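In order of appearance the chains are A, B, C and D, and numbering begins at 1 in each one.
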């Protein structure tokens, strides 16, 4: 099976099928509503892009949320100034985040290791702090940049007068809310998966892995590593900008806290949780975190009592009391415990668990050692 | 002039706090090489040592008075703190001095927490990639926070400084200057305290044989290990010291900043910035960077400066960090090869 | 004579703090020859190689490679000119497979220092793969091509690094103690390997302690002591040179 | 031109059709067929969405809001003692749910972040079928969720939000606010300040550097300057600064004799604590006692600030020590349920839930436009704030505002605020046009 997945058309087909049927197979988990599905797709893109930098070059950026924010702001401004069509918004989002990534990357990549991380963190925090306060005319600060009835929307106005209410984002008429919004994001995610897969399996990707493994050697091997890391940084920043603009596409609001260090930290956690350097691990990590954030926080005493109503009363009370610690306002606790359990028992994240599962199912056959080493050499899918 | 003097004092005070928090972090992060995202949580735990001690001291005997009713109709509770009831004046004294006195409790408690953390968890992560360290310590930080939140709530819990140092000192009068140059006593105490703790940590590492072995081990643990010295045990001690330093910083900060469960996270990023600006693996660097950033932040917040550069006080720390890291490749006093990959 | 010198280290001085690492070093390596540099520990041999690959800039003097003065060249530019180096402690890509380890340098010599083709499929690079496999076979590591390089023995890592350099077909190959820490058996295999490559017309500079290796390989030998070249010549000339014996026996103590 | 418009319309149609086609396989997941409006309750129950901060700095406030909502649901369903249902001037609610449908609820965590709050509200709308969203503990969140609700045709009953923008610049047809705002704080506080501190005062503002802080600074500044006060300086402080010492030191030498802290939550707790440590409470400037004013107070903040709050003036929406029947009834039923009195956030949330239910009853339907109509211009009493008007022009409630002072001799850990004056509604009423903004349409929307 793993062999088959190595082939590009099959990998793409399987991936697309899994993504597009999410509304069906996520139903038993209670996660099949449009907003969460959109978030799954969007944060999947964000994490996948982050992984191109962190997973391939080993440079740990702690300021990637800045690009997410820039992408969102650019997209919302495109909605405000030009048109509610999402294509220009996405184009602007990717373009501006690319420019930001180029500039921040150009400066930050002069240093490596922790010094690089802190430089990116500093830039992102400056973006956040300024966006929250001084740059309010551009970002609308705390409230977040929103559409208003007074927006010019030049291009839309050329075709039709303004309606009474706020217009919705659309892709040539298809509204970008609800399921159509999810399918749009899903298609973008599939494209991103394709791009990311190609990069992973190209000489360029191999070069980046070389930089991660031994940057010193790369120099004596004739590589000018800066343009490589710079390119990876920009690509990864553009993925983040794309994710940011998709956030605005599905919900036209851009808030400053999207750029805060906690948001940057979140994508780092998603990537590590899923499996650094694996193709789809980061996306799985993103799903897991978003799932906990949206579903576990929604449980309250009433729902718990319902869940445990089949138990005899004293038992049900105890069950509600104990599980109540981990859901609702305690959802952070569950997340924290999960982080620790995964990193302790599955070093290498969810994908490591997957690999172990595959190996376990495959039984201790002759091919065991071989697939193992292949998995290390070529990040598994 | 007095404005500058006061801002300089603010800078020293802030710097003391930053240096103290960063010092503990640089011990584990800069020297043991563990990216410890739970360091903020240690700071917070220290603060809650003070809170817990105060709560214990003010535990109240509750007597229900059926004669009187509350606004919602239940019997009125009459509360008397046990300590005051049993110990009289000494009890009152204890409550008054609960913050400084809780240092005595915080040291063993934080040492224990640090050692347990290192032996139970961090020990297994020395050789693991930094990514794994980030995930596990972040998870730990969240768990600690949530436990504290469960027991103490999310609202800040005020702690007061002892009455004798509750007010402010008239520094202007000491220096013979005109105007209202006053500064809170407690902040002066905090500054002095941070200097003492920093000095103690340096003295321990510099002048005791134990400290010397630890310092050698930080530079080259393999060689020291070959010499037949149990470097693992020393690392545990270093971690314990880091936890104590962070905890003490937290204890003494409570009168300035009423502690809540999230205060650790608020300081986490800042402490990483301070450590890295100081240079990885350098204790003096972390202290220097703490004071530098504290002082610059104070001056950047002056109206005169803000009028020229709006919003400069919001970003000054990060701006300085960027400038320093770009002009000095390894921060102020960093050692070559520490976490540069 | 000058036209034949592939590498010319001209009057190079290098101080570290107060320590004089190299002084007045003048060295010519002719095309196609194997030039060994020997000398006691701390004589400045590795510093000399570091100067040649651009890791260290000399305080005075120049390094001229293939007619080009390497004053402001970075290590990757020097490599692109045709200088590859095997390090004293193996510098490989420990997280990657042996095949990848060898393919990376192959791409560097084919595509230059930077070429952006992020969507080209690695699978389509059959030529490079075949070449890499051949090179691995040359050093006797073909069977291990899918293993992670970090798990190799020290000797195998060295051979891998050699393959990584050889696939670049450098004009000049610098070898820093290629057999150090190897068993006698491995050393012999390496010497045999180096001998076979000799036929490819690659110029080599070898730093080596093992005199057996030096005398079975080298066309010419230079002796470095206390940062100076004290003797230079054919192996038989060096063997009987009293200054060399003095440096090795007397100077070292 | 018209041709282009025509083709565009066709394009729209085609696009919509393909959108439907894409979504079609999903329609079996949600029976969205016969709906007249988004989340129309079809069964025997109606679902409300309580979107409160459960993590982050306002988690305790959020917990209190949730308690109030749960109590409100109980009372609406006819359980418990009925609380303010008994004192409410409108008698439409009968204690049998809303329009005969039992009230159920879902909860979510706003994290006090616009993104998280919107995600949580969307979950309630898309997954849980909530017909109304309520709650929240900051203006940024309120404005963000209000915008979302407008787009989805869901009514939003704001929780604690004090910025003028919520019912000013960013007001929405589907959004309603019971809580008072910064402008009203200024109007209420101004005369009391003049009365208590004199008219010859110079104020120094420390303001949290974001929208809410700015609107409050402006409101208080205008109100005090109209009374003859001068403003020495207004300094912006970063959100979550923690240590405010660098902003506090210049205050004493600025010639100001009043410090106004336009901070909320943790920022306020910290800045007030530190200001008191700087000895500002016991200083004399210009021959007058130096004073600190905190325009927006809450009991939870007062708890966080401890003794430092004693004697400090401010305003609040409601306090449990009020002696009117409605407040007493609410305190009684909340206190019996949870063992301590409710906060102002709890009161506003409880009232909002009741008001929504009542509006549905009076409208005789859940249809949002009708409910909106029932709420607009609604005049009521018996909810603890005296006679109150839900103004149609901006969906802001106009009612009494409390000017309070930190209690010098608290009798319990909850008895932290003394009501100095109950400022009548007329004094805080303003012209809705001063803040601009547009409510927008009240069209029925389907999900």
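Please note the rule applied: contacts are C-beta pairs under 8 Å (C-beta built on N, C-alpha and C of every residue); 3 or more make two chains touch, one makes a residue touch a chain.
The structure displayed is predicted, hence computed values, not measured ones.
For subunit D, the chain whose average C-alpha position is most distant is C.
Averaging Cα coordinates per chain and for the whole protein, the chain whose average falls nearest the overall one is A. Averaged C-alpha coordinates give centres for subunit B and subunit D that are 35 Å from one another. Work out the mean CA point of subunit A and of subunit C, and you get 45 Å between them. Distance between subunit B and subunit C, defined via averaged C-alpha coordinates, is recorded as 52 Å.
The distance from the centre of subunit C to the centre of subunit D, each centre being the mean of the chain's C-alpha atoms, comes to 74 Å. Within subunit B, the positions touching two or more other chains are listed as 311, 314.
The residues of subunit C never reach two or more other chains; the list is empty.
In subunit D, the residues that reach two or more other chains under the touch definition are 55, 59, 63, 209, 236, 238. Contacts between chains, counted with the stated touch criterion, involve the pairs A-B, A-C, A-D, B-D. Against subunit D, in their complex, subunit B makes its touches with residues 2-3, 6-7, 9-11, 13-14, 17, 70-74, 77, 149, 153-161, 166-168, 179-184, 186-187, 255-258, 260, 262-263, 266-267, 297-298, 301-303, 306, 311, 313-314.
Across the interface of their complex, subunit D is touched by residues 23-24, 27, 30, 32-36, 39, 129, 132-134, 136, 140-144, 146, 149, 159-160, 164-166, 168, 170-175, 177-180, 183, 247, 251, 253, 255, 257-258, 293-294, 297-300, 302-303, 328-329, 331-332 of subunit A.
Put simply, subunit B touches subunit A in their complex at residues 121, 124, 128-132, 134-136, 138-143, 145-147, 150, 265, 269, 272-273, 276-277, 280, 310-311, 314-315, 318-319, 321-322, 325-326, 329-331, 339-341. Subunit C makes touch with subunit A in their complex at residues 53, 74-76, 79-80, 84-85, 87, 91-97, 99-100, 103-105, 107-109, 111-114, 116-123, 125, 146-148, 164, 168. The part of subunit A that touches subunit B in the complex is made up of residues 54, 58, 60, 107, 110-115, 117-119, 121-123, 125-126, 129-130, 133-134, 215, 261-262, 265, 268-269, 271-273, 276, 325, 330, 332-333, 335-340, 342-344, 347.
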